[in-house]
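There are structures below to look over.
Across the two complexes that follow, subunit A remains constant while its partner is subunit B and subsequently subunit C.
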Partner chain A sequence: MLIAWRVLKAVVAVSSVLSGAQALFPDEAGRIDWYQAQIGVPQRLEEHVHNGTVGLVAATARNVVALVDAESGALRWRQQLGDEAIGALQVRDGRVLTQSAAVDSAAQVRVWDADSGALQWSFTHAADDVSGGAAAFVDDSDDVVTVSGNQLVRVAADGSTAWTLALNGTGVYGRVVVHGGSVFAVGDARRTRTAGRRLHVVEARVATGEVVQQYDVADGQRLGNGRVVVAASRTHGGFVVWREKKNIVWQLHRLGQTSPLWEMHHAKHVQMELMPEDMLSSTLVEAGAADAPRFAMAYTKDGVAKTLVVELVRGGDGVEMRRVALVSDRTDGVAWRTGDETGEARKGRVAYRRDTYGPVTGVTVCSGAARVVVQTRGGLVAALAHGRREPVWLRDEALAHAQDMAFVDLPAPASPAEHAARATDPSVLPSPFARFVLHWVAWAQTLRAWALTGFGLRRSAATAPPAGTESGRLAPEPLAAGDHFGFSKLAVFGSSTGVVTAVGTQGGVRSWAHYVAHNDSPAAVERVIVTRRSLPVGGEPPVAVAVGRGARNHTVVAPLDALTGAPLADLGQHVMPFAYSRVLELPATDPESGQLLLGFVPVDGAPRLVLWPPTTSAARAFCALTKPFFFEVGDDVGSTRVRGFRAVCPDAWAPDTPPEVDAQPAWSFDLPPGETLVAAARYEPGGYATALQGRVLGDRSVRYKYINPHLMTLATQGPDGVAVYLIDRVSGRLLHSATHAAARVDKERPFLAVQSESRVIYQLWLDAIPAAAAAPPARGFVTVVAELFESDRADERTTDSAISSRDLRLPSVVTEAFAAPEPATALAVTRTRARIATRDVLFALSSGKLLALPDQLLDARRPLAPSADEKAEGLLPYAAPLPLDPRRVVSHHNAVASVRRIVSHPTDLESTALVAAFGLDVFFTRLSPSGVFDQLAPTFSKANLVITTLALAVGCLLARPMVHRKLTNRAWA
Partner chain B sequence: MASSGSTNKSSRRVYADFSPLVAKSKASSKIVEPAGFDLKAALGRADALAGTQTRNDEADTALRTKKAWEVAVSPGKSLPMQAFMAWMSGTSVSIFSILITGMILMSPLRAIMSVQQTFAGLERAAKGTRLDLTMQKAAFVAINLAGILFGVYRLSIMGLLPTTSSDWLAFLPPKEYMEYSA
Partner chain C sequence: MLARLLLITQCLLVLAIGVLGIDKTYRLRGTIIPNEVLKDVSQIATRATAIVNGGAQRGFIQSDGSFVVDNLELGDSLLEISAVDYAFPKIHVRISLKEDGDDAAGNGRASVAARFVQVGSEWSEDTPLLGYPLQIGASGKYDFFTPRQGFDIVAMFSNPYMLMVGASLVAVFLLPKLQANMDPEALKELQNKS
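And then the complex of A and B:
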């Protein structure tokens, strides 16, 4: 008996382990969601070879140090340096040296293991002078020489300083070169009245730190101006190469050599190819380290942008330049060639459209010169190999700089027959009967094709994968159709590199990309707005408008076909000659183009609204609104006053000018003295919509929600802590305020807020949480939930169906605070189609987790000890800490780094919402906060259903004669 | 000559009516009476039978009335049992309590709908006359209405009656604001 009992317990224990956690949906991980680890646009690329494998160490504009496999493009490791901009990168003997500094902060020198990315040691400069900054390894030693401000320091691997040299403010040093027992600090000479702009070089002995000499060189130059570059190598030492502004010859200075100080050089290759006017517009850039000093020159000849990588070698009577690689960025592709003019050349050519990711700006030649890595201004990094017509790999790093994103609905999948009809006679498509016929025609065609391919046993030529799909394709493939449930959409990202990228939500495949440029420079895209969503059968395509800042901070508006990325033919890119402070989605539609109107509020001048599309019909549509339109300005960080304006249409529109609407001051909300704005939040479009206008209490009465689409949350930092104000954006009335005395907001402790229906959820840092009277004060992040009701009593509400903000009653606010499990970097709430399903509150945690908590947990009315009615209502007992439940980490094992925003979008099924989180990385998933009540379970077997039905039918047929016989016999009995 | 009359299927009783024989014999019967048949004797037997029938009809009426009252109050007897079942199933909304409540509601409703059929057999008296069972029917309906009221009360305590503001919350339209903002 005892043995049996033990066996039973063992069986129960084993079965409990085998059952697993159902909430993880292990079979769906990676199937419905996707994740892209990004590093950002590389600013420096250095090669690292270890055990025969070649890697590329990148220091990027997103302050990331990473190792990318040169063969596959896969990310081996990465280290994020927060807000520290990386000023120096050097790879040597399996170690990576970086120097980085945040704004007005001390420079940090770090040495990483190149294979694993582990930090080996670090050194922090004194914070008295933080200008400039560079570092370099000391030859045959683990030591590092680093410069920051006025200090040149040799640091040993244990963090101790061997010597420190005070530079006495002679320059702002941006490069350090160590060669031949000397260390050279090169920087911009401090400007004096007598001395012009030039470089200053300090040479010191690397062993002792004694100054050998210091001198100025390269008149009229400063580091980073595009006409001077410092190239160095371990064996050849360092050179300063520059071209004077109106000169077409090169000037070379070998560091340490002062007699002659520099020599003139005519690069034969360049001189043969370039005309002087082309030469004058050329720029010099660094091109990675190699055995010989390398640099690159970018120029344009006959409309072809070229990047020439050269290295400096010793010739018979001086230094010569030898071509390493030449990359030509033509209109239809990128051609490249490595090796000099005389040696064996390796070359290739890939198709590439410059309007997708911008011109090629950087070239890195890998060892052996059989492969080059090119990067474009828009943020595409691609490896090109000899003999390949497609890139070996590519990385779309524009996504790491995404500022905004929007979901675009895709049309339902069309049959091949429907496609044919669309191409030949689209007029038949609106007819349901025609579409019905086309549907069955398509089925017949599919069946025929299936039969022709031997019922799936023989592979037809048409289904063979096209050449080049095994590698990354430079030309993305447009996604023509979605699915029937609205799961498949396009996620359109706008990045500060000027690229608008559309990615399919099914699998994260790039669909299209478009480079928004203004005056040959990228327009930093800050907003992506879908201005036309509807896609009737055979109708106009949806439109995504990218809004960015172009040259001279002008406003660039680029309307794109959201399905292909092509600029709209009728409404081209539009540049407004002012910087905008806000872009408003107006509640009106242009009757001509069917697009949502946008309003731009210029930064300067009197507040006004500049309308887009810039047509009179659009302006008339806006002025035909039956309700007054209000907007506010001054909600920027650091502001002390928020002002509201009412749009007033003019009597007539001036011809040939963009239509503008005047703004009449409506209200002003002045912050209390000493307080400045640190954050502001509004509803996402449609975020105030709700399925139920109230909350049902346990006794079946109702507390009505205070739903105000004009609600706005302001957070201010003052001497007494952080204050939160809820104001009405039409009347400027203060609806609610709360003060958190021990709270603080700064860069590491941001204030985050999200408004959803009648709730405002925000996170802030508290220096002291008085947990109990006797307990020591704790500190940490708290999540505060404020829920707004129409009244503090049940069944009491404003009965008017149409109300004005000016007549609003103040809300009854219930607030509660919870201890946040981890600091979050972004907050959002899931959004479903009809808002019937419950909502999940999404936290992007600093550890990379994307946590989805049901809004039941973030209920301000959670009681300490629930009464019977409260239990009946479903209120959970209050518990201060929000659970960091692994089953609610929807990003599962992926660490989504530095999430800046989370965007949720409904699908056609009420249960399911799409969620995209982006910042450095991009993560996408589908969430069903109330469960998938309107979908079949993934385990549902349609085959079983069909087989069961058929078996029942067969059983009936077989049993029929038997039953008939039995009934006959019974009748005769 | 005796002939069998109509048969009441519900009571399965048979009665004989010999009166046609008298008319036929007096009018035009040329057929010789069978040997040993005495018409007077036969008629005297029929009269005796008719007297007995009258007495039986009165008793039958009383019996039917009594039976009808029994039928009328019979639903009341099941009410305690239904109340007990309702109490046992609780007031929470579950499949069992819903089934019980459905039974409590549907049984009297069905009984009210079929009140005529329930009393049809008792209403039909001898020689085509109908018994007046209005009071019994009214009592039957009233008791069943009480059952329905009990079911409705049960729906109410289960929270299934739309009697509170929360029941109409889903139909409440959102407020329309008289201004736009962005």
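And then the complex of A and C:
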């Protein structure tokens, strides 16, 4: 009874906190936030036609199966397959067939409804051999033939197997073709001492699974090498097309045909312009399914990258090739035409810069050639149509592969008059009189613009494109200025496809994109760091540096103008001939370029720091630091030891070599035997800053916060569960540790941690949550809050200044655990300008919700039964579950999928923080954890103000004769 | 009491039939059933998944609401329906081997005992057992928004500032009228008192 009463009190108290929070109004959705539903870079695209509408079914590199409207590019549905890579995709008769498998896991065969995306049925292969994998529909049946490892299986729609054929280890099969009563499994033949590399084909009767024949074909080839492709269609069957190395002749083999075994066709059948040297560098890729087997060839001719789509048609006694489409990727645009030389051709040309999203790598021709969908290596997917100079739609799928992002401040907006003054005579701007005149000129212009729009009554008729798509221009729209509150910034994303994309925080419009390449390959961008934020008087733009891994795992550093995306003229793209393990933002600025210094820790060799910018002035600036600089290595997953180093500058710098700083061992933190590191967390930049050094208790005493900028959280998995260590990054000293028995960390249930001020918040999975002896142990995610204080007594400080890493006294730690409402994929804390406003703790839930809980709920000092002092302090009674209040779900109906990271950034108003969540999807919003105390409330009615003012004015006018009459009467009295 | 025992026995038998053993792992079947909260279950087929033990195992929802989750191990598990728009109860699933031995194929026969649980609460065994295959209905539809209040004349005039303005107007306009209508002698008496 007592417990029930306490729980009731806790619920009431929590409800009061939540109801006081600022909730989202319906008209704010889509206005202060934006959302882009992504699918990832398509690896396979198949056409789906139903009820006259054309869609594209995509299997993507983010393991997503999705249907995209071919007319608008809108996402109709998608299904995420987690970590299962999709190896096969086929669309037939309103059904979508996929075969996918996680690493070292059994292959999953699934059939989806193509219109709704709902699963129809599934089948799981045996897990004994997981190599290869492919599947195909059986003609005129709901059955599927699938191969994985050593077994070829026919599966019915109820999941039962009609037959199973053991393939006896003859090959690793990657394609299945069903045609004419036979099923063909095509794969890489097992290599023997006598036999070299080639493909192996097994033909079996589709009705019984009886082997008809098996043979080798395509000497020297293996699936996926770029010189062989298996093209198939329902009516024509399957073909193997390949080109031998250093040979310009395409060779063709019809599956199952043994007499004659080979058919050869030269490329001149389809492309007279090809020269032998063009052929030698060409690659063959699949190009979707159609009535006839299709494939594509990519080659370069005269510096123009071309993709030729051909299909195989019957001609005379043999098979001939017919050109379906030719797409030419030139330096200034993409030109395309469909049809062969004889038929009616459709064609078009769109302006496109290859340095934005990379070269064109894929072409899919929709039915009737009404649409040609091209995709680039960087992840742009665009639909082109006859006669259009701009794409019908485009999808920036590079964002689905975003690894990091950073906010870039935009300059405050200037009026057109001020712009004109800057352009013509900037010297007038310092004059107060000139600024006064410009102000009123701008005001008049604004008034005129307002009048032209019907005093704000006429609204723009433009309709927003579907989420994740853009209609219109391939070229992004640069955003030159922000707003007066700092709400409008650029969110710069770096993706593993090599593209750095800047998106405006107001509306989510693309501002610029830049493709980072190294040796003709995309450099997988892993970090985006803003190395110059401010806009000095001289007009130097802010700089965003993209750090990625290029060819041979070399480190690529690309500094970009953060407002335009253009590479910096004075500091070009820099390649370091080593793989880096960490990149550090150093506490120094290059005096020449005004940029923040970066330090790269190479993976191999003795620990050291390689400085960027690679100039002597930058190195001197770093070595002029008065405080020693420490860094640590070995905090990767799987490590058993974390080591700290102190940077030591050399006596002299070697000329013409990148400046390097030696490292002197400072400390070593060896994990206990049997434990390996599963996660590490540090403060986000500025995450330790606080406006309050202590917490004022109910009796007006103060408990001082332990705020150590060098605090680091390590989580390890061991035989006894998960251990959490808080260590100091300068001294390596252990500050606090905790062990969670029966806890487990794996890929599906990661350890998440965030450090904010004096708190460390982490979430982990417990297989057995302690319970009463009579009840079985519960399972679930637990959110743990550890709050660090300087002392366990009030009004006691360690020191008057900042915490020193050399101080031997340990913090006093208060911890509490809460039950998480749903699994989370990312954690973060809002960040405001001066840290005066309270904070919201952000949870990206696996269901797609972005939940913002006030940090009052995640207080480790919440008591079971608050005393009078604790009530006066504002502590809430403890309740184990964290509430999933829908009013605190800031992403509302948007399913923000697979969020990898949440980034918060302050605005110019203390009340408001910007929040971006990205992973597969991208979501952005503004949050005001303490309410919008420095802005007009959203409910403020300007109409009421105007009406009241007018009413007062009218009242004064009406009262004036009355008052006048009264005064006159009084004078006569 | 006897009826209850019979019901439990019958339930366990049904559970045993529904669970398939696949190489020491087991398959869990269930269905999201329509109710007053969620009338059309097909609409969440692409916006919800069934997850077990925090995502260690997953199952897709079919258009009729049914789902299967494979690779479950013996013991206790937590089943959740992860959806954006709807709340579903969480379920404690216990898979245990039956004592009457293996089936004809030599696989151990298992039974499922499932109960509703709440986050942060103990997994009590006093909670009633659920039938198998599981039938789960949505417990609520999330309302993410706070309705914005429109123009309300009553609310406007009940504002304290408006009440103060009203009182001032009364003092300015009505009190002199009252004063004028007062008996002169009473007025004089009042003025003398003040």
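The rule we apply is simple: the second predicted complex is superposed on the first by the 856 of 973 C-alpha atoms of A that agree within 3 Å, B and C clash if a C-alpha of one lies under 4 Å from a C-alpha of the other, contacts with A are read in each partner's own complex, and residues count from 1 in each chain.
The rule is simple: contacts are C-beta pairs under 8 Å (C-beta built on N, C-alpha and C of every residue); 3 or more make two chains touch, one makes a residue touch a chain.
Here the structure is a predicted model, which is why all the values come from computation and not from measurement.
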Looking at the overlay, what does A:Val889 touch: subunit B (first), subunit C (second), both, or neither? second
Dominant toucher of subunit A (residue count), subunit B or subunit C: C
Classify the contacts of A:Phe918 with the two partner chains as first (subunit B alone), second (subunit C alone), both, or neither. neither
Once the structures are superposed on A, label A:Arg779 by its partner contacts, choosing first (subunit B), second (subunit C), both or neither. second
First (subunit B), second (subunit C), both or neither touched by A:Leu119: second
In the superposed arrangement, does A:Trp612 touch subunit B (first), subunit C (second), both or neither? neither
Give one of first, second, both or neither to describe whether A:Val730 is in contact with subunit B, with subunit C, with both, or with none. first
Overlap of the subunit B and subunit C interfaces on subunit A comprises residues none
Residue ranges of subunit C touching subunit A (in the complex, touch as defined): 22-23, 42, 45-48, 51, 53-56, 58, 60-63, 68, 70, 76-78, 80, 82-85, 87, 92, 94, 117-125, 142-149, 151, 156
Taking the complex as given, what residues does subunit A use to touch subunit C? 23-27, 29, 77-79, 82, 110, 113, 116-120, 122, 124, 126-127, 746, 748-749, 765, 771-772, 775-781, 818-823, 846-849, 879-881, 884, 886-887, 889, 892-895, 938-939, 941, 943-944
Subunit B residues within the subunit A interface of the complex: 159, 164-167, 169-170, 172-182
Can you list the subunit A residues touching subunit B in their complex? 584-587, 599, 625, 627-632, 689-694, 696-697, 700-702, 707-710, 729-730, 795, 798, 800-805
